[in-house]
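In the two complexes that follow, chain A is the common piece, with chain B as its partner first and chain C second.
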Partner chain A sequence: MKILLVDDEVELVSAMAERLSLRGMDADWTDSGEKALAMAKTCRYDLAVLDMKMPKLSGLELKHKLTTLCPDMKFIFLSGHGSESDFKAGCAEATCYLIKPVRLEELIAKIDEAGR
Partner chain B sequence: MNNASPDNREGVRFFGTVSASVSHEVKNVLAVVNEAAGLLEDFTVMAERGMPIDPARLKRAAQSIQGQVRRGDTIIKNMNAFAHSADAPEAGEDHETDLAETLRLAVNLFTRMADMRQVSLALGEVTPAMSRASGFDVIHLLHGVIGAAFAAMSAGDALTVSLTGRDKGATFTLSVPGRSVAPPGDAEFTALARRLGASAETDENGALAVTLAR
Partner chain C sequence: MAMIDRFKPKFWDTDNAVSPGRSLFNYRRIWRLAILLLTVVTLVPLLVLTFIDYNVTRYSLESENLMRTARTTSNTRRTVAYFLNSRDKALEFVANQNGVDSLRNPATLKGILDSMKHSFGGFVDLGLIDSTGRQVAYIGPYQLLGRDYSGQEWLANTLTRGSYTSDVFLGYRDVPHLIIAQRITDARTGKDYVLRATLDTAQFNAILSAIDLPGQGDAFIVNHHGVIQTPSRHRGAIFSHVDLPIPAYSEITSVQQETDRHGMEYTVGYAYIEGTPFILLVLKKTSELMKPWETVRMELLWMLVVSIAVILMVIVGVATYMVDKIYLADQTRARALHQMEHTNRMASIGRLAAGVAHEINNPLAIINEKAGLIKDLFRFKEEYSHDERLLANVDSIIASVERCGRITKRLLGFARHIDVHVEPIRFKHLAEEVISFLHKEAEYRSITILMDIPEDLPDFISDRGKLQQIFLNLVNNAFQAMSDGGHIAITAHQAGGDTLTFEVKDDGCGIPEADRKRIFDPFFSTKKKTGGTGLGLSITYGLVQELGGSMSVESTVGKGTTFTITMPIKATPSEARKNEDTVG
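After this line comes the complex of A and B, so read on.
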């Protein structure tokens, strides 16, 4: 399974990708929605892990654009916010919605679930 | 809360908006620390299994944690100063607010708002100025004008806020190269400005001058 991680916190998203890679997972990362769209045009990703709150393109907006490019792509949302409206929107649009800080084991379990 | 005056309700709402933004920043700090610490743990497990670890990778993860601790400390100091602006003694004859310090705090607090809009917010020239308005109200007022300026800006634009002290008050000047900055038109800002005796108007260069009586 090819995974794309997108978060504007570079140190967070790069460390998360490195930790997934150490566990044998194929994960690329980027820090903006625009770059994610460019990457998705040149590489087929099965799943994207998106931060909900990012400058310019939010996680939800990016999800809609990525879905247009790759209709089969699955999504997991991450957020620092635990607001009810974000939670409802995130749950309605993605396989799951995790609140930061995320336990990697939990993220991996959700990735596995999405891949089934 | 239902018995609160409209001024109080707006103030509480503003306090909530800023607190929510700060809490989001703190969450991000914790999330980065969590990943960097997790990475160090992964390296430890690898070392226990006899796998070679590049010391530079360990150093990078440790530096990331240290950097985030500094970032978190700054965020919390700003939040603490903001919280105390609300519980400070009422400004008046015996107590005045340092507007230069208050503007610096406001710029620090609202930088994330700028980042989310992909614009920049910077402090311009600042001269000493005092006011009898409360620090909390001044930050609230600045939030109104800065927020309205952001709403009219495009990605890449830069907003600079300067402060000029005067005998009978002070003027905050908001300028964006190539753009005219308009005052907010909402009722909340109008009521707050009226209460503080503040005026906001765009000058001939397109900069917004917000003048506060001492």
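After this line comes the complex of A and C, so read on.
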């Protein structure tokens, strides 16, 4: 399973990708929506873990664009924010909605759940 | 005291202390002003009208009494005047008809006296006196023939004026009597004689005593010097001086108010009897005459007293009712305003908390991942995997991050529930959530929190954020009421088919009976000096009502307080609609 991690916090997303890789998962990462779209065009990802709040392209918009590119792609949202509307939209449109900071084990469990 | 408490209107004990925006809340002043104004505008016209009516009625009664007395006096005067006049005229007739020669004859004189006694009555004797004053003929019960009357005033008066009526006097006989006399000129000699008759006063008195005079009424005759001539019931013996002023001569009857030496007021009718030395006096006690007035006055007074009592009762009742209504309206308004304010404040705090949580969450997530990565590296690269101390340190970092994460998540959760949203609620979770905010304080103060919430308690539909606030407020209150080492019990059970009852019970200081009625009123606080706003319970009460529930309190001073909240399992339709409107 190929995973794409998108978050504007490079330090966070890179560390997370590395930790997933250490556990034998194939995880790519990027820090913006545009780059993520470009990567999705060249490579097929099964699952995307997106930050809800990013500059320019938000997590939800990116999800819509990625869905048009790869209709089968699954999504998990991450957010440091807990507003009602974000929470509702995130829950409705993705497999799950996790609030930062997240335990890696929990994320892996959710990834496995999405992959099934 | 209990009676006073029962009738005391709700607004009575309002705290009138001036605080910002509360200048309008002096209900007792409004109440007093309303009563005063209403009383003045209703009672003043009533009193003025009563006063006018009082005077008019008294005046009309008084004038009626004066008129009645005047009429009695006039009638009696006529009767007395007729009595004397008819006898006088009879004597004149006898004198003119018979002539001196005939009258000198005792037989003729006796015949005349008998006829007069028979026809008129009241005649006692009859005598003829020559101009020197010697009685030349006499018929009567006494031996008066040849008696000399010369020098007596009456004789001179008769000879000059032609006719004379005397005062009543005792004379030689020692019996009250009066005389009437008539001058006769002898046609033969041209000498003047006087025909004199004595009248018995008994008949005269009978006329006066026959007058119907109520109560202390009195009718008698005095002469021009005020000497009583006929028996009086109350004004003294015959021939004594009457103790009333005698008015100046007048042809018509007059009525006056007089006061005697005892201070008693009398209505006195006076009438001079023409051609005689007599004045008729008719006396009536003014108080007797005014007796009907007393009745009218009492009725008027009663009417006034009863009217004033009824008016005052109605005014006080209406004013109390209205001010109570204003008070209740003001209370509701104040509660609504402050609830709104509170909601806004909570929303601001919520947003602030969410902002802070969000800002912290991102770096926290980085720390989390980096620490996680370090741990992974150690573990996967085998190099440091046996360095327990290092791994323990990393674990400690990760545990601390998790702890921070829990706090920020709770803050975010709290902020999320500020928005109105009805959802199924499991009370156990809600209670735990609320307690989680306070468990640190509870630990520091050794307060034991007991929760007795049955596992099978049904979920209920309500607003999570509002419920959180309600229970947070109640538990906070309980904390403030307790000293360290106290106990709080939160219990829940299903009451009836569609309501749930929750109780928050503490063993703190309790609430005195006097305060218990008012603890849900806005601004009621016993902790004003230490910064209490008096809004906490008021807002809690408002929130419970907003969610369609009800709230009550039981308390014993020194033992503790129990707040009981009853909530419907399903939100009421209006409640649900309102919430949908807000969310939509």
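Worth a mention:
The rule we apply is simple: the second predicted complex is superposed on the first by the 116 of 116 C-alpha atoms of A that agree within 3 Å, B and C clash if a C-alpha of one lies under 4 Å from a C-alpha of the other, contacts with A are read in each partner's own complex, and residues count from 1 in each chain.
Everything below uses one rule, namely that a residue touches a chain if its C-beta (ideal position, glycine included) is under 8 Å from a C-beta of that chain, and two chains touch if they have at least 3 such contacts.
No experiment lies behind these values; they were computed from the predicted model shown.
Superposition of the two structures on chain A leads chain B and chain C into a clash.
Once the two complexes are laid over each other on the shared chain, residue contacts for A:G80 go to chain B and to chain C alike. By the touch criterion defined above, A:L22 reaches both chain B and chain C. In the superposition on chain A, A:L12 makes contact with both chain B and chain C. Of the two partner chains placed by superposition, A:P71 touches none, neither chain B nor chain C. When the shared chain is aligned, chain B comes close enough to touch A:K56, but chain C does not.
Put simply, chain A uses residues 9, 11-12, 15-16, 18-19, 22, 80-81, 83, 100-102, 104 to touch chain B in one complex and chain C in the other. If you check the complex, the residues on chain C that touch chain A are 354, 357-362, 364-370, 372-373, 376-377, 380, 401-402, 404-405, 409, 412-413, 415-416, 419, 421.
Considering their complex, residues 9, 11-12, 15-16, 18-19, 22-23, 80-84, 87, 99-104 of chain A touch chain C.
Of all the residues in chain A, the ones that touch chain B in their complex are 9, 11-12, 15-16, 18-19, 22, 53, 55-56, 80-81, 83, 100-102, 104. Remark: chain B residues 20, 23-24, 27-28, 30-36, 38-39, 42, 46, 61, 64, 67-68, 115-118, 155 touch chain A in the complex.
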